[in-house]
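Note that the chains take the letters A, B, C and D in the order they are written out, and that residue 1 is the start of every chain.
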Amino acid sequence: MKADIRAEITLEVPFQDIDAMGVAWHGNYFRYFEEARARLLRRIDYDYPQMRDSGYMWPIVDTRVKYVRPLTYAQTVRVIAGITEWENRLRIDYEIRDGESGDRLCRAHTIQCAVRAADHELQLVCPPELTDRIEACLAGEKSQGESPS
Amino acid sequence: MKADIRAEITLEVPFQDIDAMGVAWHGNYFRYFEEARARLLRRIDYDYPQMRDSGYMWPIVDTRVKYVRPLTYAQTVRVIAGITEWENRLRIDYEIRDGESGDRLCRAHTIQCAVRAADHELQLVCPPELTDRIEACLAGEKSQGESPS
Amino acid sequence: MKADIRAEITLEVPFQDIDAMGVAWHGNYFRYFEEARARLLRRIDYDYPQMRDSGYMWPIVDTRVKYVRPLTYAQTVRVIAGITEWENRLRIDYEIRDGESGDRLCRAHTIQCAVRAADHELQLVCPPELTDRIEACLAGEKSQGESPS
Amino acid sequence: MKADIRAEITLEVPFQDIDAMGVAWHGNYFRYFEEARARLLRRIDYDYPQMRDSGYMWPIVDTRVKYVRPLTYAQTVRVIAGITEWENRLRIDYEIRDGESGDRLCRAHTIQCAVRAADHELQLVCPPELTDRIEACLAGEKSQGESPS
């Protein structure tokens, strides 16, 4: 995944997410994406509380998931989330990888649009409340990257 | 169950609620109780929107569940909810019964207390916003019961 | 939605599916699709128990959801599911519509592939255990359609 | 909590567990108990796979939860599980505590009975498949405690 800003969580597939076929039910993956997305959005200081305070809601308007291999009980997996688009809408891509082998088990993305809370108007361009944070984060990483020597 | 006011829903146990042991995971029963409770509270016109508008929250502070027999995929069950206490706190009792045989599969109860939204103060007596509605409902049923002849 | 075989459920969005933003959390929609899909697969006598007995598993390998308008507490919605592809893989399309206005609130699809349970081998063509059932269902509907007089 | 054998997990309350009132929906606590219980049962090498291999199922037959204070989004909490009874049935007690203050937010317990998988017969005494493991764990801890110097 090529992403400007990334975050990652590690989790163990819990019992209650396993279905009668012995694998994680496909709808439960959205729990894993949600937790990885929260971690990612905290990196730019724009998690749900900050979103709300900024005067925008960011409903998910589109999602796609490709299930590559099933997840089983107590399997340790890494869920990686990365921002891949942030001009007109916020696109986040996800990968789930086996914690040991690193094999890719799932690919997905979600697309969120900004909706102004005051009048529920859909924004056709991402507001600076998001983009300034992303640029600040990228600038910080770049300066860190350049700072050594 | 001896209850002043009752309501009932019928549901089919859905696939995603079944666990790796082939039965409904115990935590999912709270979904069924929630839906029966909503139906019950609508009978007294005190569902969540009305609760919120009345200035009180009603968090669940205590619950007990006795699982008698497992629920299986696509089983049709009746979930019965009844108000059994409503002076100092709101107690609702539940039963889950098989849709065909009527056998009792589960018994449970929840206890909710009123918390005033304005100052988050716990109420030691149920406010009239609840009790007036219950009494009106009981009076209506009684008068309906008496009205014939 | 243009579908050979369709089914539909009606549900009321339950409290526990509503998130802190006051709308149904996007991951919960998969519960609604699952229930509509079960209803659809029963129409061709190929629900989960029949799948298992037929020697095939049908994991979901791909899904796409477009969230058009949010779902709110206690909203009555219709969830329509229809089989739109069944040669090499089973594609089911979904729509969620408001129960009163009929407005479309969501579009989605899922893709399932057959995996032979005995050796976990992915099938590149849908086995007759599925296709015969679909053809029988279509033939039955056609003959019903023709049998008037 | 006075328990012979204990385990603990730390988790952050995720967004999808928060309801329209802004607190974790009461039914979601069973997810947290489940994860703490899995950690506990692994300590005695008797997690779900070992249970199944031992020829017994251990359905939850009774549970009680006292919700002391609400859980909010992203709150870090410790969930402690301990075995408190294991002769005729397996009782596990739980506490949820705030990760920072240590304040107790919830108390609960679950009771499981052994059911022999072969004939689905309820066991009135816990089988040695459980009790031997508990005694081995306790002996190991005791000898560790004694083995100083």
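The rule is simple: a residue touches a chain if its C-beta (ideal position, glycine included) is under 8 Å from a C-beta of that chain, and two chains touch if they have at least 3 such contacts.
A quick note: this is a predicted structure, and the numbers were derived from the prediction, not measured.
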{"item": "Chain pair, A-B or A-D, that carries the greater number of C-beta contacts", "value": "A-D"}
{"item": "Interchain centroid distance [CA atoms averaged], chain B/chain D, Å", "value": "27"}
{"item": "Centre distance in Å when chain A and chain B are each reduced to the mean of their C-alpha atoms", "value": "37"}
{"item": "Whole-Å gap separating chain A and chain D, where each centre is the average of the chain's CA atoms", "value": "31"}
{"item": "Shared interface positions of chain B, touching two or more other chains", "value": "15-16, 20, 27, 30-31, 34, 48, 73"}
{"item": "Chain contact topology (line, ring, star, complete or other)", "value": "complete"}
{"item": "Chain A residues touching chain C - in the complex, by the definition given at the top", "value": "20-21, 23, 26-28, 30-31, 34, 48, 57, 59-68, 70, 110"}
{"item": "In the complex, chain C residues that touch chain B", "value": "14-16, 30-31, 34-35, 38, 47-49, 73-74"}
{"item": "Footprint of chain C on chain D - complex, ascending", "value": "15-16, 18-20, 22, 25, 27, 73"}
